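Some structures to go through are shown next.
Shared chain: chain A. Partners: chain B in the first complex, chain C in the second.
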Partner chain A sequence: MKGIEEQIRATSSQLLATGDVQMVIGYGAGSDNTKTMPVFIKRAEDVGKLVFNPLCVSNLANYLLQWKNFEGKIAIVVKGCDSRSIIRLLQDKQIEREKIIVLGVSCPGQLKSGQAEAKIPADAVVSEAAVDNSGFKLQTSGGLITFSLDEGLLEKCRQCESSRPVISDHLFGEKGFEADKADLQFNDVAALEGAPLEEKSSYWDKYFERCLRCYACRNSCPACSCRECVFDMVEPDWVAKTVNLSDNSAFHLIRAFHVAGRCTDCGECERVCPADIPLRTLNRKIIKDIKELFGAPMPGSDLEALPALSFYAVNDPESQN
Partner chain B sequence: MQRIGVFICWCGSNIGGVVDVPAVAREAAKFHGVVYSAEYKYMCSEPGQEMIVSAIKEHRLTGVVVASCSPALHELTFRKNIARAGLNPYMLEMANIREQCSWVHQHEPEKATKKAVDLVRRAVAKARKLEPLFESAIPVTKRALIIGGGIAGIQAALDIADAGNEVVIIEREPTIGGKMVLLDKTFPTLDCSACISTPKMVSAAQHPNIKIYTYAEVEEVKGYIGNFSVTIKQKARSVNSKCTGCGTCWAKCPTKNIPNEFDMGMSTRKAIYIPFPQAVPNRPVIDRERCRQFVKGKCGVCKKFCPTDAIDYEQGDEFVTENVGAILAATGYDLIDWTKIYGEYGYGKYPDVITGLHFERMVNASGPTGGKILRPSDGEQPKTIVFIKCVGSRDEAKAREYCSRACCMYTAKHAHQVLEKIPGSQVVIFYIDVRCAGKAYEEFYLKTLHEGAIYTRGRVSKIYPEGDKLIVKGADTLLGRPVEVVADLVVLATAMIPSAGSADVARTVGFTVDKDGFFQEAHPKLRPVETNTGGVFLAGACQGPKDIPDTVAQASGAAAKIIGLLSHSEIAGEPTISSVNEAICSGCLACQGICPYRAIEPKEIVERLPGKQVTRVVASVNSGLCQGCGACTVACRPGALNLKGFTNEQLLSEVDALCQ
Partner chain C sequence: MAVYKKISKDNLVQFLQELTKDRILIAPVREHDLVSFSPAADAGQVDFTFQNSFVPPKSWFFPQTEQIFSFRIENGKYELSEPSLPGGTVLFGVRPCDLKSILALDPVFDGKFDDNYYSDRRKNTIIIGLGCQSVGRGCFCFKVGGGPLESNGADIFLTPAGGDFLAEGVTDQGTDLINKQSRFFSDSSAEQVDKEKREGTDRLLKQPTGLKGDFNLPKLKAFLDANYEIPYWEELSYRCLGCGICTYLCPTCHCFDINDYARTGLEGERIRCWDSCQFKDFTLMAGGHNPRPSKKERVRNRFMHKFKYHEDRYSIFGCVGCGRCVQKCPVNIDPRKIILDLQEVAGNE
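Presenting the complex of A and B:
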């Protein structure tokens, strides 16, 4: 992965130096050695701050929304999964294609949260990382640390449809992680679908009950680009602001419907949730349904394929009834 | 602060016999915002209406709730009523306590009363949030566009033009006339189809108010009721307006033996041709796919012989824009291609299995056989002719579920013509039902029956050749036994389907089609000649299979509607349409894709941010196109789109009131 990191730095340096872009959004070293954090590089001499390793779990696409009025062009580092968010933002007309340069990475896989913290000593510096079929190998100042794929691989990577970015101007990394076909069948959702009603109800109640209504899921979501969110509105007061099971459930279900057909399964909502609510499962249920009902591809995987619920067609099966 | 008056109607015993109306009025008086509550036997009667007017004045009411029948019945009545008292007509909300309460809960008066109170509470909650709405004035261009120059289009054009309006007809074929000019005689009167339709074609062509584009198609439609801008693609005819129709070119043209579409391919035409001698306009076209000049790059015979220099090989497609106030779709029908579906009838392999339209051309004196009924295979006169009805119609399994309506009658007519023209002939008709609902139709059928046509109830399961005969195997389901007929000719009454390309017309103009692809009328009974798109009307078989009398009647009906629309210089625009809250709109334009009426367009606005101005895109609603369906308001996640008269705030307060 050192190679990818070096390529990102070199390309960024060139783009900044020539004035092709005025800012690069990428990953930088985090507050501790088991995390990365977003960095916003505006000068070519700062590209050394950019990193790429199996700790680059987060999706940076949402920052494009926050820099919507930035005067100039932005280059952004995206993994395969994150690249769908770029298409999401383009289809939602929140960014202009000519104002961004996509630095795509064919992603070898990312480390499960908690695993890195458990194994990497706090004072060890990660110098080199590699992922292959046998697992993760992290070269650190404290020696080689390994994780098998089973123990280390992030759940969403296991279900990865395309580790190679679906949109990019520069592509780094030759071959990304290839998921087992059996893991792409939405078996996780199907298992829950098959459960008795009471069981499903108590499953979700258990999680929704502990929602803090911090809205981190919404704030990190690239499909949430509303200028004013319905959950913040006072008039009309669509959803009560109180924190209790009933209103929390309404919040999560409405949010799921608002991203229905548009959610690209980037997994940010679940990653940022401090209450560990399995939000991906909720969104993936709708992705699965829409796939089955409309034959729609994974949202964001094709710029030309508009979200299934977003257009009127004369020959829509629904309008024939 | 709203001052709301509630008026509860007994509707005689319709409501009063079930619901305790005085009790509802007493409860309503307690609702927040209500300053006056009353009940009366018939609110819609003159004393009832007077009661509302005087209460508005006396109690300085700002909004009115009428609890009575469905708003579909009397909303307009009460809107006008409160306007008389000086209120904005849209400051009215109705609670339907008849259809949705007393009628359906007749046996539970107490619960019905409780429900009526709930429904009135809901209406009051909405009334508190009502805002005055104002109708916009839309100017009307007093011209109409008719798509399709068949008998429906021609009839409507003449009616509209005679009323003093300009009409533009677009016909994609080189001549107007449609299917009717192909036909021989028309049932039940047996008058000559061409003899009654060609004079109408000429009338249309010579009418000072009618402009005809033949060999043309609708390219694009912009605008809305009263104000359409239509781009017409005039396909290259390769013959310019200097042409006098003298006929030298098609006489001299060396490219022969092209199957003539007008005769269902049973005769031939040249590469430069008019479809038939009475074509309007009497101006040929060059079939560029077959003309030697175009295919091989050399010939030029027609150009050489043309006495008026009317041949123009360089002519390209031209685009013309016409502004009109109304559009009539009259695109007609085609016959289903049975050869792709009915293997048991030979997939079109046997030349002596033909369709009703082939028969029409054959029996027509100006047709390919000069009016003689002959077998296409050997030109011999057939003695035994089998007619099979419902080929493709009423066949849910293989083709269309519906009845094509005209086939029973034209098959009876064909049978009559066979028996008349071929002495000693035998006619066997296989049918499912004989449907002759029409003036003098049943009589015509009985006449054919008495002339000797053999009606056999049952489907034909197989046709196969044996020698120069066709063996037709079927069942007589009345006698419950198999039937086998040795036939010389088989005529299939094939299903009527929407004409090819009609879906494109619907999409281009912007209206809906039904499950079979026929154009969807706004209401099957009460608005049969209108579409759901304002200013767009329908006539003829494009709306569903029909015969000539029904088509012409519908065309005149649609014409009356269009004349009514064009008689105004301005029409009132519905105020209950969508509007955009630009502050909230993020410009994702999900609403644009979802709108069936293409009423939403992006618009740039300039916004001030700290230290700078930014331009951003928001949605905007075209008030002429918006039909107030509300699809956009649902698609918009933050609710930036709001339907006036049904705003999010109003709906939510209604829900809150009902959940109390």
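Presenting the complex of A and C:
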């Protein structure tokens, strides 16, 4: 992935030097060799801080909301999955097309952080990473470390609809990960849908019970763009601050319905959750329903297609009677 | 009077089981892959393989959601009732970093102002500390004045030794308990415990760690004392999501909010819940003014609190190096890196 990294740096350097953008939002090396972190580069001489490797799991699109009133133009690094957020934000007019430059990466797949921590010693220096059909190969100061796709590939990557960004001004990487057709069928959601009611209820209860209400899922979510969030309101207190199964369930269900049609299954909520709540499953249930009920594509996959829950068709079958 | 003993793993489980006869046992229990301090009616449920718990043991003394009282209005009269606090408790399996965190919390809740919700639990709880068997990826207790086998803060401290444990009665209460239940223990000595701890610490600290560089906390504090406005905080805050993970998982963070909930108007409850200085409405005042209006001020506050304010007030640092925020921050805001960065900024001044 060194090639992608070099291209990101070179393009960023050029964009900053010519004044085409005033900031690049990308990935930088983290404090631990199994982590990366978002970086905000404002000077061409700092582009060396930008990296790209199989640990760039996070979706940076949420920062475009934070920098909404930034005076200049912003270039942002996105993978295929993240790029859907850009489209969705454009459709909602949360960001302006002419104020951003999309640095798209055809993503070869991302590594599970737990696996990375288990296998990469804390003091190893990772010099090169490659991903292909056989898995991940990391060249480190302590020797070659490999992960098969089965052990290392993130679930969201396995279910990736488009590893090639659906929107980009510059495209890096030749060939992204190609998911198995069978993995794109929402079989995981269907399996849970088919379970008896009590089983489904206890499945979610055990997870919602341990929610800390830290709001990391909400704060990292590019679909969460409200200026005032219902969960922060004290008067009226729509949802109490008490942390218990009832209020936690209310929080998660309200949030899932609120981002319905805007959630692009980028997986940030599940990635950031400190309690490992399988939030993607909840959101994917709604995405599956939208697909089935409205015949709509995955939100954010087509800039021209109006979002299923954001427009009204006069010839809607339900308006005919 | 200290006492030094040895106890096998099987006997330790039986000892804990014996304690459940007249006390609540709160211990690390693994549920769906997360280890939490939970009530364990059966000592067999206790997990011994954990690195550290998901939520720190502060949640026993200071639960995330706690009812202060409930109220009813009947015939125009108010009726208040207070919940009863738990009685005798054994809090088992507290790691050295978290033991130290309790010492940092005590002066907050049980110092100048007595918070009886905290202090009643604290007085009724015997703490059994458990030395570490490995150093986690984010661990840095040994860089902030602690160590993986430090017993400070425990009533009884257990040092893993082979498959067994060396037991110290650290406080009189701990010693009494060991003496009363002496049938579970065999003899050891101060020398043996000391030797095992020294050798164990050396062994543990040889484990590879990522970030290199020494901390100088007094020097760091002197820098923070003199420098409030530095560009560093703003740059750091760019990536902060403003979520509550670091504060909720921090063993010394202790902010709370009090709310009344009265759904019917005639009855309700007063609740206190954890709050986080990283939330934007944390310092929002009724008139609309917010003294910490942006993430810059909020991120700065958290680190100033750990490495300056807490020390100013209670002569103990507010960071014990447990590494929970290091591991769980979604955007890699790592206090170890911040300390090293600030030391560099200080060196350049």
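Basically, the second predicted complex is superposed on the first by the 320 of 321 C-alpha atoms of A that agree within 3 Å, B and C clash if a C-alpha of one lies under 4 Å from a C-alpha of the other, contacts with A are read in each partner's own complex, and residues count from 1 in each chain.
The rule we apply is simple: a contact is a pair of C-beta atoms (placed from the backbone, for glycine too) under 8 Å apart; a residue touches a chain by one contact, two chains touch by 3 or more.
Please read these numbers as outputs of a predicted model, since none were measured by experiment.
The superposed arrangement places chain B and chain C next to each other on chain A without a clash.
By the document's definition of touching, of the two partners only chain B reaches A:Lys93; chain C does not.
In the superposed model, A:Tyr312 makes contact with chain B only, not with chain C.
Which of chain B and chain C touches more residues of chain A: that partner is C.
In the superposed model, A:Ser13 makes contact with neither chain B nor chain C. When the two structures are aligned on the shared chain, A:Ser83 is found in touch with neither chain B nor chain C. Once the two complexes are laid over each other on the shared chain, residue contacts for A:Asn33 go to chain C alone; chain B is not touched.
After superposing the two complexes on chain A, the angle subtended at the C-alpha centre of chain A by the centres of chain B and chain C comes to 120 degrees, rounded to the nearest 10.
Of the two partner chains, chain B and chain C are each touched by A:Asp237. By the document's definition of touching, neither partner reaches A:Ser106: not chain B, not chain C.
With chain A fitted onto itself, chain B and chain C come no nearer than 5 Å, counting C-alpha atoms only.
Within chain A, the residues touched by chain B in the first complex and by chain C in the second are 237. Touching chain A in their complex are the following residues of chain B: 503, 506-507, 512-515, 583-590, 593-596, 609, 612, 614, 617, 631, 635, 637-639, 648-649, 652. Residues 30-40, 58, 62-63, 66, 117, 121-124, 206-207, 210, 212-216, 218-220, 232, 234, 237, 240-244, 271-272, 274-276 of chain A touch chain C in their complex.
Remark: chain A residues 69, 92-94, 225-230, 233, 235-238, 258, 306, 310-312, 314-315, 319-321 touch chain B in the complex. Interface of chain C with chain A (complex): residues 31-34, 36, 54-55, 64-65, 137-138, 207-211, 235, 238-239, 241-245, 248-249, 257, 259, 261, 271, 273-274, 276, 279-281, 326, 328, 330-334, 336-337.
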